[in-house]
Structure formats: C-alpha cells, structure tokens
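Here chain A shows up in two complexes: once beside chain B, once beside chain C.
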Partner chain A sequence: MFFATSIAILVTMALALARAVMGPSVYDRVLAVNMFGTKTALLLSVVAYLYGRPDFLDLALTYALINFVGVLAVLEFFQNRTVSPDLNKNDDVR
Partner chain B sequence: MSMMIDIVSWILLLSGGAFVFIGGIGALRMPNFYTRVHAASLTDSMGTILILAGIMLQAGWSLALIKLLAILVFLLLTCPTASYALANAALLSGLKPDAKTLSPDDKGRPTP
Partner chain C sequence: MIVLFAIFLLTLLVISAIAIVRVKNLFVAVMLMGIFSLLMASTFFILDAADVALTEAAIGAGVSTIILLSALALTGEHERFATANRWLPLLVVTITTTTIIYATFDKPRLGDPEAPVHQHVAPWYLQNTPELIDIPNVVTAVLASFRGYDTLGEVFVVLTACIGVLFVLGARPEDAPKPAKQQGLRHHLIPKVVGRLLVPFIVLFGLYVQFHGDFGPGGGFQAGAIIATGIMLYAVLEGETAALKAVPSSLLMAMVAGGAILYGGVGVAAILLGGNFLDYSVLSSNPVDGQHLGILLVELGVGITVCGALLSIFHAFAAREHK
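On to the complex of A and B.
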C-alpha cells in the first residue's frame, strides 16, 4: 500500500525532472524544483511508514519548509530579468 | 475495525498517488507555462491532502499524528504561495499568458 504510493510519487518526480530538463523558460525549471521539493516531503512521510520509522517525519517537515524558502529565494533572484520574446509562443504539445 | 481503517487509508493513499501522478503528467503535457503551473500546483495540494490523510489513519493517536498534521498544514500553506509567487514573478518578467483561446481545428483538437 505504501509501496504503491511511493512508486507513484517517484514517477512524478521523474516527470518533474523531465519538465526541468525540457522546460523552455527558467520559470518552468523553478516549477519543476518546487514540484520535486513537495514530492520529496511526501515521499519521506510515506517511506517513514513503509520502514516503520516515525522519525523520518521530522525530515519531511524540515524539507517542506526549506523547499519553500528556497523556491522563494530563487524567484527573488531573477524577478526582474526580462523573458526573451520567443518564449511567449506556445510549444504545441499534441 | 482496524480492517476498515486499513481499507479507507488504502483508498486515500492510492487516490492521492493518482492525483500526484496526474499532476506530473499535467506539468509535462500542458502547452504553455501558466497552464503548467495550474496543473502542477492544483493536483499537488489535493494529492498532499489525500496521501497525508491516508497516513494519518495509519498513525492513530500518537506523536506522529501531530507531526503529520504539522506537515499537512505547512504544505497546504506553502505550496499555493510558492505557485502564486512563481506565476507572479513570471508575469512581472514579461512571460505573457496566452490570451487568445486555442481555436479548434476540423477534428475538434485545439490548434495553437
């Protein structure tokens, strides 16, 4: 039961990594980092119960907080950088 | 009674995993940035609620339940805020949202 959930979370992490690699604009990469961080917190709490060690929950708690601060810090870093015009077109995903 | 708890937490966990997975697919398939942020952050919050609720049922009345509640509250507070900051930073820096609706072609599929 926990194993199936952790597999789903791991696959989503892989999809987030794929978005990080493919992402045209830098904000897609920050979105991928944000997704990856929250999924790590979820995975940590699921694995805490998979291996029966409730002290992993503290790790998940701190990771959720640090991930939020990190995403905001990175966003503040390139807040005013202008986006190149060719990023405004849609990359058609059919 | 414990069988009932196991079944309910099993359903919650698997539906949470499904939501998380749908969010991952949505982040990949969506055409432009703002739809990706929408897809990723929406299912992210829902998946978090379901998965952590499923684990809470397993935890029972213990210190771990309080930790799980803290994780749930923090994730529910921080994830939408981070997505808002992300979309706001992208908008301020000139990534214009695609205002025109995708006109459907003859077979009904949206063309950019």
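On to the complex of A and C.
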C-alpha cells in the first residue's frame, strides 16, 4: 500500500519536473515548483512511515510550512518587476 | 525498494541539474534550483540523514529562493553569453569527473559495516552517548558536545561570511529602505490572510526545532533558518520597512555577534569552572546535566547567529535594491 502510494508520488514528481523544465510560461514553472514541494512533503511522510519513524514527520511539516514562502516571494518579485510573463521566445535551452 | 526510490530521485536530480545549467533565463534557473533542493532533501532523507535533510529543507525551500530572487532583482534576467574559450573548462571538468569516478571504484559499498568510516570513532560515539550525554539524538551529541570545536568553527564561519556579504553589498544599517511605491503583498487579500496566519506558526515551529534538537532531528542551524524564513515571510507580506521595524538591523547585528559570543562564552565558562574549553560536564554538579545545559546554550548560540546572519543578508539585498 505504502509502496503504491510512494510510486504514485514519484511519478507525479517526475511529471512536475517535466513541466518545470519545459515551461513554457513562468506560471507553469511556479506551479510546478509549488506542486513539487507538496509532493516532497507527501513523499517524506510516506517514507517516514515505511522506516517506522514517525518522528521524522517534522521534516514534512517543515516543507509544508516553508514551501509556501518561496511561492509568495516569487509573487512579490513579479509584482515589483514587470517581467514578460511569456518566456517562449528566448528561454529555450541552448 | 528504497534503493529504487533513491535511484529514481537521483535521476530526477541529474535531470534538474542539467536543466539548471542549460537554461538561459535566470528566473527559470531559480525555480529549478528550488526543485533541486527539494530532491536533495528527499535523497538525504532516504539515506536516513534526517538532520541534514532538515537543514536542506529549512534553507532550500524558503531562504535560498528568497535570497536568489533578491539577487535577481538587482541584476538582469538573462544570462550573458560566454565569449571565452569553452574547451579549457570542458577539459577540467572531464579530468575531474574521471578522477572522481575512478575514486569510487575503491569506495566501500553503501552501508557496508566494514567501511573505515564505521570503524573509526563512530562506534565510540554511539556507545558512549547514552552514558556521557544521555540524549536520544546522537547527531546532536556529536555536533554540539563531542565535536563542539568544529561547530564553534562553523559558527564563526557563518559570522565571517555574513560580515563579508554585508561588505560586498555595501549596506549600512542607516540605509533603511525608503517606503517604495508599493511594498509587500498587503494589497492582495489571500496571500495577506494566509501568510499572516502562517508567520507565528513558522516561528513557533522554529523554536520547537531549536529546543527539540536533543530528541529528534533539528538543532540550531535548522531552527535559525526556519525562524529567519518566518520573518522573511513577514517582510514579503508587509514590506521591508515593517519587518525592519519589528526586527531592527541593530538587533540583527547584535544577534550575529551575540550568538557566536554565547557559544564561545560557554566554552570560557567551562574553563573558569575548572574544566577544558567546551567541556560542559563541569557546568553543573551532575556531569550529564552539565552536558544538557551546555548543549542547550550552544545550540541557542548557533540558532541566534544563523537567524541574524540570514536576515541581515536579506535586508542588505533589499536595501541595495531601494538605493
């Protein structure tokens, strides 16, 4: 049961990473990073139970609390700075 | 099964690392760095290094994204083309990589009980921690007591690094940011409400990590970063000026120096009470209680320095931005 859950989470992480790498817009990437953080918190909780050490849930809690701050910082960054939200033209990998 | 997880996570790690190197938009690189850090923390955790994973979580998820974004606000968003010759760096990287891969052939298998690292002092620490220090988390015992000198060195490295960054950025405490046109996210309802709710809980959780470090993963480094993140969240929501009013930069300077002095002071107190430098056993009539007290004070010093240093660097970036 735990294995199935963790595999599902790992697949979601891979999909989020694909979205973050491919883009194309800034918002896709912000959302991908946010989702990646949520999935990390979930993965850590599942693995903590697999290891039989629920006190390691502290780690997942840290992520749950702090991941949000990064996203807010990104929002503030975009508020103070008018960046072209469409990065299609010039951010493609070399 | 866990090995498969680790291999999968390491593959994702490699993919995101290559993407960070190849992407040319620096904002995208910052976002990918966030993912890289999350993957790194999961890998540490799967390798059963909960204290390291917690440090990576505390720094990588919040503080480093915020500081990288502050740096990005000062510079351009696009990487400049490298005009220099690319063959020399490629050669250096190839030679280094080959050497490292060659060195791994001699490396003992992961988790091998016969590995030299498990034969040296580690068994002694594991055997003697319950008797000498009597705390469940051996990592904290090693970090704060057995290897107290090393950690003292690390705290002074943090202090020196903070001083260096402040010099480079050229920010003085008087350079408080002028109230800019629109600071913070206070005009947006949802971030404001949710964020304000979160600030006290993040700080509370930081205090828990600080004082629970003897019993579970955590300690001064992680707690300092978490509390600094909480205050940075306040700054992001309410603007720099409000955050500086809550925690003035003179207090931050005092925190950076004071934490290091507290750590060193515990060592000097141990000398004055007739022990060796940083030998906490003499701090109380019962040696084990003395160790507990010493570890508590030392971790507090670490936490104060780290929190002060991260916040000073954050404000230094912001002050430069408003110049």
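The definition used in the following text is that the second predicted complex is superposed on the first by the 79 of 94 C-alpha atoms of A that agree within 3 Å, B and C clash if a C-alpha of one lies under 4 Å from a C-alpha of the other, contacts with A are read in each partner's own complex, and residues count from 1 in each chain.
Just so it is clear, a contact is a pair of C-beta atoms (placed from the backbone, for glycine too) under 8 Å apart; a residue touches a chain by one contact, two chains touch by 3 or more.
Since the structure is predicted, the reported quantities are computational estimates derived from the model, not experimental observations.
Once the two complexes are overlaid on the shared chain, A:L50 sits against chain C while remaining clear of chain B. By the touch criterion stated above, A:M1 is placed in contact with chain B alone, chain C being left untouched.
Of the two partner chains, both chain B and chain C are touched by A:F68.
When the shared chain is aligned, chain B and chain C each come close enough to touch A:Q79. Once the two complexes are overlaid on the shared chain, A:T40 sits against chain C while remaining clear of chain B. Legend: residue contacts after superposition of the two complexes on their common chain; A:D58 is shown touching both chain B and chain C.
Shared contact residues on chain A (touching chain B in one structure, chain C in the other): 13-14, 16, 30, 32, 58, 61, 65, 67-68, 72, 75, 79-81, 83, 87, 90-94.
By the touch rule above, chain C contacts chain A in their complex via residues 1-2, 5, 8-9, 12, 15-16, 19, 22-25, 27-28, 31-32, 34-35, 38-39, 41-42, 45-46, 48, 50, 53-54, 57-58, 61-62, 65-66, 69, 72-73, 77-78, 180, 182, 184-185, 188, 191, 194-195, 198, 201-202, 205, 209, 212, 216-218, 222, 226, 229, 232-233, 236-237.
The part of chain B that touches chain A in the complex is made up of residues 6, 9-10, 13-14, 16-18, 20-21, 23-25, 27-33, 36-37, 40-41, 44, 47-48, 51-52, 54-55, 58-59, 62-64, 67-68, 70-71, 74-75, 78-79, 81-83, 85-86, 89-90, 92-96, 98, 109, 111-112.
Chain A meets chain C in the complex at residues 3, 6, 10, 13-14, 16-17, 20-21, 23, 26, 29-30, 32-33, 36-37, 40, 43-44, 47, 50-51, 55-56, 58-59, 61-63, 65-70, 72-77, 79-81, 83, 87, 90-94.
Partner chain B is touched in their complex by these residues of chain A: 1-2, 4-5, 7-9, 11-16, 18-19, 22, 25, 27-28, 30-32, 34-35, 38-39, 41-42, 45-46, 48-49, 54, 57-58, 60-61, 64-65, 67-68, 71-72, 75, 78-83, 87-94.
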